[in-house]
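What follows is a set of structures for review.
Shared chain: chain A. Partners: chain B in the first complex, chain C in the second.
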Partner chain A sequence: MNAKMKLFSYNTADTPVHRLSGLTKLICFLLLTFAVMFSYDIRVIFAVMIFSVAILRLSQIRFSQIRAMIVYVLVFVVANAIISFFFSPEEGVKIYGSRHNIVNLYGGYKLTWEQIFYQITKFFKYFSVIPFGIIFLLTTNPSEFASSLNRIGVNYKAAFAVALTLRYFPDMQREYHDISQAQQARGLELSHKAKFADRFKNSLLILIPLIFLSLERVETISNAMDLRGFSKNDTRTWYTSRKFARADYVALAVSALITIGTVYVSVFVNHGRFYNPFV
Partner chain B sequence: MKDHFKVNTRTIVATGLGAAIFTLLFMYVKVPSPVPETSFQTAYGLSAFFATLFGPIAGALIAFIGHALSDALQYGSPWWSWVIASGVSGFIFGFAYKRTKVEEGEFKTRDIVTFNVIQAIGNVVAWVVVAPVLDILIYQEPVNLVFTQGITAAIMNTISAGVIGTLLLIAYAATRAKKGSLSKG
Partner chain C sequence: MDERVVIEFQDFSFQYFSQAEPTLNRINLKIYRGEKILIVGPSGSGKSTLGHCLNGLIPFAYKGDMRGSLKINGVETREQNIFKLSKMVGTVLQDTDAQFVGLTAGEDIAFALENDNVPTAEMRERVKKAAAMVDMQNLLGSSPFELSGGQKQRVSLAGVMIDDVDILLFDEPLANLDPATGKAAIEIIDELHKKSQKTIIIIEHRLEDALHRGIDRVILINDGRIIADKNPHDLVSSPLLTENGIREPLYVTALKYAGVKVASDMRPGHIATLQVDRAREALAAWYNAIPLERREYAKPSVLKMENVSFSYDGLRPVLNDINFDIREGEMVSIVGRNGAGKSTLSKLLCGFEKEDRGAIFYKGENIREKSIKERAEIIGLVMQNPNQMISKPMIRDEVALGLRLRNIPEEQITGRVEKALNICGLSPFKDWPISALSFGQKKRVTIASILALEPKILILDEPTAGQDFRHYTEIMEFLVEINKLDVTIILITHDMHLMLEYTPRAIVLSGGRMIADTTASMALTDSRVIEEANLKETSLFQLSRLSGIEGGARFVQGFIDYERRLKAR
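Moving on to the complex of A and B:
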């Protein structure tokens, strides 16, 4: 376990993206991810991807910050592509309604251009969402995030639960690490040397102190919050919320246009979520 | 039934801290399974435990926030269909709230059965119904693939919630003062 991993390794650079309010970034993130999730048109996906990489450059995020994430996603997307093929080699034929065989593979599997096109589209579709997530996570101040959630209509109590999660995640990580080290110092074996059943039981011996410590904390924190009058009113204000500037309206308009464009292409050009080059 | 959905400060704080532990377990304490993209998640044992102590709203939010956050940290963006399914599972786990005597320091055979029936229903609804259907609606994934993944996830999360959840509840019951445990000297 990497104890040094920081949650939202937010860096305070001064770029146009950092200067946007958290609310703007949250709405743009939701709009743009919706656009890419909705469309199965590779042209749209490429356009959005180029846009997202440009924004990534603009927000001065270094490759070293996001390398681990890219590797994770790559493993996920490649595994997804392979098993999709084995589970459903005819998915492309079903979607595009035509069949252009390339080769017959072993065991009755046929490789078709339709399947290749479908899987390539899907590959880029899943990959193009990532820059938005990264930009959002790395340029948004965590404490501004809760206020943004509240302002898009999430109940402030739920938003506050999110704020607490973000606040206490690093603490939990540290505590988990400490308990695990303490237990190992007393001879608890957690590595591959132990049998599976033992490892399972031993990990429970770390879990139990962590959870019961947290239950005690719940009492302390909720008493402190009650004493300060939390949840007495129906609404609350946030210390970190920012006023909208002109750049916020521009960013919102651009994201909305991209989303509307995506839906427009699907409805009026492709007559469906898929772009069919085979007709 | 009415106080199942009551939310006070304690529920909010438990949700926040529970989601933080859920994220931690979801990211680090899991065992890979033979079916791709699924693994034995200890986190569902935790969400079942918290849902039994704090109710459906806390359960749903813990799993939803925790899953979304760990997805975002690992993959850059949450896989919404499964995040929503996690929330649904946590919500249904919450119906074990006040149906067992765990707060009175007792978690015996009857309570264990009640808890496990509820958590099994929650897992089946979330992973065999909600997750695959949303996968098809949102992501248009192949039908037989998502149902295979869903059934595997249902089985493994039921085991996880059953074993870990039950053990945690027994441990918790032991820390509570038993009803009528004081006797006149």
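Moving on to the complex of A and C:
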């Protein structure tokens, strides 16, 4: 297996985070995401970010495992920042109600301290959520994830589809890899030497066999599931679901406190979602 | 009605809506409680359809016209549903990988219970018990990628046993397993039968392997009808097997070559029960009359590996110091258990991966610097499943694909495509869509598409997997024809018949090392090689021992030589 295979896959280890029930992790993830998304107070965001990085260390996730993910997100967040500056350069001024110009740019754009502060806040907002997402994905057994989805009210067929996708994803990756090699031997050029239009056309030569193979597989899987009674009843139980232990209650309580804390800061300290250092 | 009958077909016929002819035709069959039944038949005979009727996939998942009656435990299946039937008939499918729906062994075993809303705590207990029945209790946390084919099959078995079904149905249980694992699977089924007294139905076309342990009755099916319903001894002594495209056990073929009339009082159903007293002299006489062949390969080397080692992660060697020299026009098989390094070896040859140490020579020239594309013009790779390669709707375009990707002028392409299609016997179909072809024909299309590039060496990964005897013979004889055109052929295979009959030479890998490079007859009679590589001793060897002929390997080689001369005649 190369490192790519591990990209989104569940990482087995025995840490306090892994031992939490999937449902706990899902609820904590939702609560903490809400907290960070709700608040535009950079002090709160920094506090949560430090917390999230600490949990990341606790779950023994190595940087090499998440490097690719971080890079994708970074590209996205930076692009987002640039685009939002060009579309609404006065957003910071509007929010904080003051204007401290730094420099005049071309085309009437003005760079202000307010805008910079606002965008930095936003940047860290995104970046403090990501560790939670990573922790959740990498420490939750996919079937446990499915069972948690089911327990918070998602239909079990939909929830199981998620687990099934994760189950067969590595198989598909391997299949893709094999087909691609065999087609390259026939002369398929996938490297940058080929023109973009050709590369697109060429990738079809891999995708078509992959689709047919997957259809074959789907038939077997659905037969195997039918023969063992899937979708017989309106509900189902889950082998992987865990009973709540003390750690689960602690984790839920901590997440709830953080969420309440951020809301408290917004309502009673900042009197709004934004923290304004300019007054 | 008779209490002992668990399954009863009465004038039962079934026709898929998509088919013009009925697949099962007026079947009458009774199966009794606790019996162990083997259903054999060539591809398309209707044996899988019969299995589908038992587990309820017919008529509930595959629709069609059903006539007559099929009762299981006294009730008509059509009045049930697939879930009720699955409580009576537990099915283990042939694809050990795709049927594994859980992310761990434990979860997969629990699947049926989950769907029955069994509470988690009780479920965990029952999973442990079911896993213990198939000796998997210590691997409950393993993912499908960590388990071998045989282990995955045991998990599937535990997954159906957990429901305490009356009837166990095995659909081609040997299809995806190496010989030793297949043998173990038959043993597990047998022990389960003895312990639990469940009714067992095995659908298989590999008769000899399925008869490794006792069977009460063998049902032979062809063209949707029951041709025979006999005990193994009677069936094996009758001419019905060969007439209906089922390969008879090799030891029976050998007895027949020796002029022995195989009768049921010799108990020839299993090699373990065979009485050879009467045949001893005839066998010895036949064997001694076979002239010993000396084969020398005077031809020059075409492909040579010298001290080749390779590892994916730089830590664990997948191939370790491999040395061999294949000569022009040879036909060689590469064998070994899953994970022995067979496919990695072919990846190195095709240039998908580069050797860490050592070198690969084509006609004496080191090919390290040749790209994948360049190597493909020397070494062609045909993958196991034709659907892994086919990417064009029309046969002609599929075969031309490699040439077009190489920007060869269209006038030349036409000629080369015609030639490749001609060699592969596909000329009559050249303007057909690929979807209209059978599996074997698709296989030929993929071979043609590689041959169009005019490689000197052809590597085939399990060319006959899942094929019945007729298709197997067709594909292999076709490869022999290609081999005669001076194309060197390397076969990666689990199939010991294939090794014996078609490849004079076998390279055996185990744990990344080459443990033998010898004749197939030597490899399949050497107990050390057999054990290390998960092979199975050929029954010919057992026959020679039974009848007191010394030098089993020579006996096996004699059989092969005799058979080849018979075919050449």
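The working rule: the second predicted complex is superposed on the first by the 265 of 279 C-alpha atoms of A that agree within 3 Å, B and C clash if a C-alpha of one lies under 4 Å from a C-alpha of the other, contacts with A are read in each partner's own complex, and residues count from 1 in each chain.
Just so it is clear, a residue touches a chain if its C-beta (ideal position, glycine included) is under 8 Å from a C-beta of that chain, and two chains touch if they have at least 3 such contacts.
Because the structure is a prediction, the values reported are computed rather than measured.
By the touch criterion stated above, A:Ala161 is placed in contact with chain B alone, chain C being left untouched.
In the superposition on chain A, contact of A:Phe212 is made with both chain B and chain C. Of the two partner chains placed by the overlay, neither chain B nor chain C lies in contact with A:Arg246. Once the two complexes are laid over each other on the shared chain, residue contacts for A:Met37 go to chain B alone; chain C is not touched. When the shared chain is aligned, chain B and chain C each come close enough to touch A:Met225.
In the superposition on chain A, contact is made by A:Pro142 with chain C only, not with chain B. Look at A:Val73: by the touch rule set out above, it reaches chain B but stays clear of chain C. Shared-chain residue A:Leu204: touches chain B and chain C both. Residue contacts after overlaying the shared chain place A:His271 against neither chain B nor chain C. Of the residues of chain A, those at positions 1, 163-164, 166-167, 171, 204, 208, 212, 217, 221-222, 225-226, 230-231 touch chain B in one of the two structures and chain C in the other.
By the touch criterion given at the top, residues 1, 7, 33, 37, 40, 66, 69, 72-73, 76, 79-80, 82-84, 87-88, 91, 129-134, 137, 157-158, 160-169, 171-173, 176, 203-204, 207-208, 210-212, 214-215, 217-219, 221-222, 225-226, 230-231, 273 of chain A touch chain B in their complex.
Taken together, the chain B residues at the contact with chain A in this complex read 7-10, 12-21, 23-25, 28-29, 36-37, 42, 46, 49, 53, 61, 65-66, 69, 72-78, 80, 138-145, 148, 164, 167-168, 171-172, 175. On the chain C side of its complex with chain A, the touching residues are 55-57, 60-61, 82-83, 86, 91, 93, 95, 97-99, 101-104, 106-107, 110-120, 123-124, 127, 144-145, 159-160, 312, 347, 350-352, 372-373, 375-376, 380-381, 383, 385, 387-391, 401-403, 405-406, 449-450, 453. Per the touch definition, chain A reaches chain C in the complex via residues 1-2, 10, 141-143, 163-164, 166-167, 170-171, 175, 178-179, 181-189, 204-206, 208-209, 212-213, 216-217, 220-233, 235-241, 243.
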